[in-house]
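Multiple structures follow.
Next, two complexes with chain A in common: one pairs it with chain B, the other with chain C.
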Partner chain A sequence: MSGRIADLKAVMLSLLLFALFLGAWHLAVTGSGTAANVDPEYARLMGAAAMQGTSAMPGPVDIAVRLADLLAHPFYDRGPNDKGIGIQLAYSLGRVLLGFGLAVTLAIPLGFVIGTSPLLHKALDPFIQILKPISPLAWMPLALYTIRDSGKSAIFVIFICSVWPLLLNTAFGVASVRREWLNVARTLEVSRLRLAFRVILPAAAPTIMTGLRISIGIAWLVIVAAEMLVGGTGIGYFVWNQWNNLSIADVIIAILLIGLVGMALDQILGWIGRRLGYQE
Partner chain B sequence: MALFGKPACSCGVGHAGLVCAPGDDPVDTAVVRAVFGGTPSRRRMLRALGTGTAMAALSQVFPLAAAREAFAQAPGPLEKKAVKIGFIPITCATPIIMAEPMGFYARQGLEAEVIKTAGWAIIRDKSINKEYDAAHMLAPMPIAISIGAGSNPVPWTVPAIENINGQAITLATKHKDRRDPKDWKGFKLAVPFDYSMHNYLLRYYLAEHGIDPDQDVQIRAVPPPEMVANLRAENIDGFLGPDPMNQRAVYDGVGFIHILSKDIWDGHPCCAFGASREFVTGAPNTFHALLRAIVEATGYASRAENRKQIAEAIAPPNYLNQPQTVLEQILTGTFADGLGKIQRVPDRVNFAPYPWESFAIWILTQMKRWGQVKTDIDYAAIARQVFLATDAGNAMEKAGMARPVGTTKTFVIMGKTFDPATPEAYLNSFPIRRG
Partner chain C sequence: MDRPHISIQGLQKQFPGTDRPTFDEVWFNVMPGEFVCLIGHSGCGKTTLLNMLAGLERPTGGAIIVGGQEVTGPSLDRAVIFQSHALLPWMTVMGNIAFAVRSKWPNWKSAQVASHCQKYIDLVNLTGAEAKRPVHLSGGMKQRVGIARALAIQPGIMLMDEPFSALDALTRGSLQDELVSISTASRQTTFMITHDIDEAMLLADRIVLMTSGPDARVAEIVENGLPRGRTRAELHHYPGYYHLRNHLLDFLVRRPAGRPADPRHPPSTRIGAEH
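Moving on to the complex of A and B:
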């Protein structure tokens, strides 16, 4: 009972903070509104921000209006450079799932091997530690140059950035399976394959799931940067295209949507992780 | 294309050297073969005479120029109808962009898709990777790609220039009382790309005012869309950039137009329509159809009475994604300058397709002047290989436009005459230069 009241209090506090934030934002962008005294013909050639003293930063109301506008037609297609926000998000999700899928198919088996062999672990560790912190933007020119296809390059960059945490977590999870369990299995003369699938994999599952959550988070971070670079489609391209037009309202909306989708991806993997977890 | 290919001639026919001997032209070879028949005797004859002499002799009896012409204009089925053309969202690309919504490509039987691209390096890489059949490029880029400056050498061509003039130096509003370039020491200035007319014009302008562009100021490459944002954030003091960025800085109250590029060099080329030599020779019918569409669109854009309609066609999000009033100010030349005045300059930007070889020669002198090219080069040969003046002239004639006389001309930049016949002397006449 007291837990539920605490939850309610937290929700109330969240809402209050959000309302305060919106209020402060609204006040901050409401300009003095004093129009400069210039020739009306000149004023007609100028933007509202320059002439009426309003802030170039849109307020929460502008954002809400624009968001409603975008969400009213999420799937329109007016040519190769102008598609609805829903189509853009779908392109980004598709790329992320491909790159992330590649990372999973490589990192889990490889992590398994590394985790069971301390020698391999030590030998490969320096390479992994060097490759892990490289930014997606640094990979992009190299990918474009060698792969010679911008779509595949974007997927490669997602793959190369999201593979490392998953690899390390899988190796760590496999390496830290409790000795006693392995000893029991050995005493019972369990086959190697059975040992891997019935003992090690379930024991390492929670650590692997954590790795998956970190990886998909990184993949989603990378997609925006990659699409801003290669352009064409996707939410990253949307941000770039609206930045081109200095349309800050659209950029803010894209930030909001990127955050929401990223959270959804994380929650889905978290939910799967809880289903796979076990109690000792 | 091999990853680390040797520099090859841009004619697309494999032979040694950067530039063709006359006999290497596919049409010429075909004519020689037709006249002299079997290969051994042709080889013997060429060895005895030298290719150039043989062609000269042959042209006495065979109308070679006419054969080349006929070959270039031969109407034939399009090798491919669906073509992809990359562009950067700036007004320089106006003919390339407007040709899509206004039906210039469709009229030539092409199903063209114009694709917005994020930056010059990306448009170069996507073009070299053949994701695009042709693309909007800065006029110096095909030269740089062909000679391998800043990338592997791949034979590239400029079948048509897009726009002349149409750029400006824009400064942050806080500098409105520092209009003399001599006061600009320590400024951070932006240009769109290292291999751009913007870079060369800004350096030229600064150097003529006694400012060393490498020592006294900092010039950095900033993609056009980021220019206004950087100016607002005071990361840069100004830029020599393409429109709509200059007018957009004024529209948003961030900067003012210091000088139009037209007042540095009236009639300077800026952006080009670029295609690989492989596309030009591999799909000639498609290429010529595309070139006709571009030349016709460029001619249409050069007429002032069409400019408002063009502004409306290219303003939507699928193309430039800009407020229509900004584009109208640029294209009609009646614009707010950011200092409270309305200026009327009808030729603020203009469109002229003819790729004068002297443009390429001037660009090469500046590439050499600023250390981008360090070796000795054959200016005229590179210019002839990359800038396809003959093809553009043919397309202009077909479109009912006047064909310019010759392929080179002299021009005056800030009071100094450039003669394409003496590029080295011109280069050595500048006190401020690298190397």
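Moving on to the complex of A and C:
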């Protein structure tokens, strides 16, 4: 019971903080009085905002109105520069899932092999350590030059950035399977394939799932930057396009949606991880 | 005279980086259907010796012959009950036992595997806990699963590495009683490591005493003269009980480290029979 009361308190506090944030935001963007000393030329450029002393920054109410507007028709398509927010998110998700899927298909088998072979682990470790900290943006020119396709380049960049944590976690999980579990399998003369699928992978599953969560988080971080560069479609492109249109409301909404989708991806993998995990 | 089921011949283990072997020139036999306990201080390589019998570790000298053949690796014919029970925590009780059963008989159908497992689950009194995972079992129940898993593959030899040492006295007692009835019924060749004298006196036909390491040897082999069909409740009423118990206890207290004159034929005495 006390746990539920504590949860309730936390929710109340979250709501209060959110309300405070919205209130402060609203007050900050609502101008007071008139701006006296404005250069007439600047005033002409800035329009009403400068004359009334209000900020060009949209307030929470503007955002809510615009969000309702965007969400009312999320999937419309009126040409290359005017697509619904749902379509843009779907493009980004598609790229992330492709790049992430590629990373999973490579990293889990390779991580398994590295985890079972101390020699390979030592031999490959320097490469992994050098490749791991490279920024996604640094890969982009090379990807564009070699792949010659901006869409595929974006997927490659997702892949190359999300593969390392998964590779390292899989190798670590496989290498640290408890000796007694392996001994049980050995005394039962279990075949290599059964050993891999019934003992090693289930034992390493929690570590691998942690790697998957880190990887998809990175992939979702990278996609926005990648799409800003390659352009065309996707939520990253949407942010950049709306910045060029100076529609700050759309930029803020995109930021909000990027956060929500990222959280959803993490929660889904977290849920799968709890299903595959085990307690000792 | 039968040929020994297990013959340990001049076994030695020296770990890398040490100048003296942990144990050396260890010789003894286990006859078919016999229950042999090994008692020794920690550090004399008891667990290493059992792992060698299981085929999980290789000796640095000597050999182990089982059924006329040298042990070179693990075998389904030698089941191990581990000290730490070593259940796979992502599998249920039934799953853990079925994993072993399917390893032994890969062509069995699911129904056949399930009914075979059920028989051994019932045997160790775990009926009703089939779908539980190890985390929801008590220490004693976990070790029962370990015992059922080992018995279910119907091995020629059972190897036990201090199977009850992590359990409280009451649970240990009831599991020992069950083990007595199971092993009396199956007459399986069993080799068990223990540091519990009463456990050895209750279960073993012969008790192998090892000196302290390094350079541990078999100091003496004691034949358990207490009458068969022993129970824990009556054990200490047998006339030879204290004689045998004091003999074993003296050995452990004296901590002999010397080498017997002939390691191949350590002194063998029968203690505990009525005088």
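In this section, the second predicted complex is superposed on the first by the 267 of 280 C-alpha atoms of A that agree within 3 Å, B and C clash if a C-alpha of one lies under 4 Å from a C-alpha of the other, contacts with A are read in each partner's own complex, and residues count from 1 in each chain.
Assume a contact is a pair of C-beta atoms (placed from the backbone, for glycine too) under 8 Å apart; a residue touches a chain by one contact, two chains touch by 3 or more.
Predicted model, so just to flag it, every value in this text is computed and none were measured.
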{"item": "Joint occupancy of chain A by chain B and chain C, clash or fit", "value": "fit"}
{"item": "Which of chain B and chain C A:P202 touches, first, second, both or neither", "value": "second"}
{"item": "Touched partner set for A:L221, first chain B, second chain C, both or neither", "value": "neither"}
{"item": "Vertex chain A angle, Cα centres of chain C and chain B, expressed to the nearest 10 degrees", "value": "140"}
{"item": "Touching partner for A:N81 - first (chain B), second (chain C), both, neither", "value": "first"}
{"item": "Partner chain in contact with A:L120 - chain B first, chain C second, else both or neither", "value": "neither"}
{"item": "Chain B versus chain C, judged by how many residues of chain A each one touches", "value": "B"}
{"item": "First (chain B), second (chain C), both or neither touched by A:E41", "value": "first"}
{"item": "Chain B versus chain C as contact partner of A:N244, first or second or both or neither", "value": "first"}
{"item": "First, second, both or neither for A:N183, with chain B first and chain C second", "value": "second"}
{"item": "CA minimum distance (chain B, chain C), superposed complexes, angstrom", "value": "50"}
{"item": "Overlapping contact positions on chain A, where the chain C interface meets the chain B interface", "value": "none"}
{"item": "Contact footprint of chain C on chain A as seen in their complex", "value": "180-181, 183-184, 186-190, 194, 198-199, 202-203, 205, 278-280"}
{"item": "Interfacial residue positions of chain C with respect to chain A in the complex", "value": "54-56, 73-76, 78-80, 82, 84, 86, 88-90, 99-100, 103-104, 133-135, 153"}
{"item": "Residues of chain B touching chain A in the complex", "value": "3, 89, 113-119, 121-122, 125-126, 128-131, 225-226, 228-229, 232, 248, 250-253, 316-319, 321-323, 325, 329, 335-336, 340-342"}
{"item": "Chain B partner contacts - residues on chain A that touch it in the complex", "value": "38-39, 41-42, 44-47, 49-51, 56, 78-82, 141, 144-146, 148-150, 228-232, 237, 240-246"}
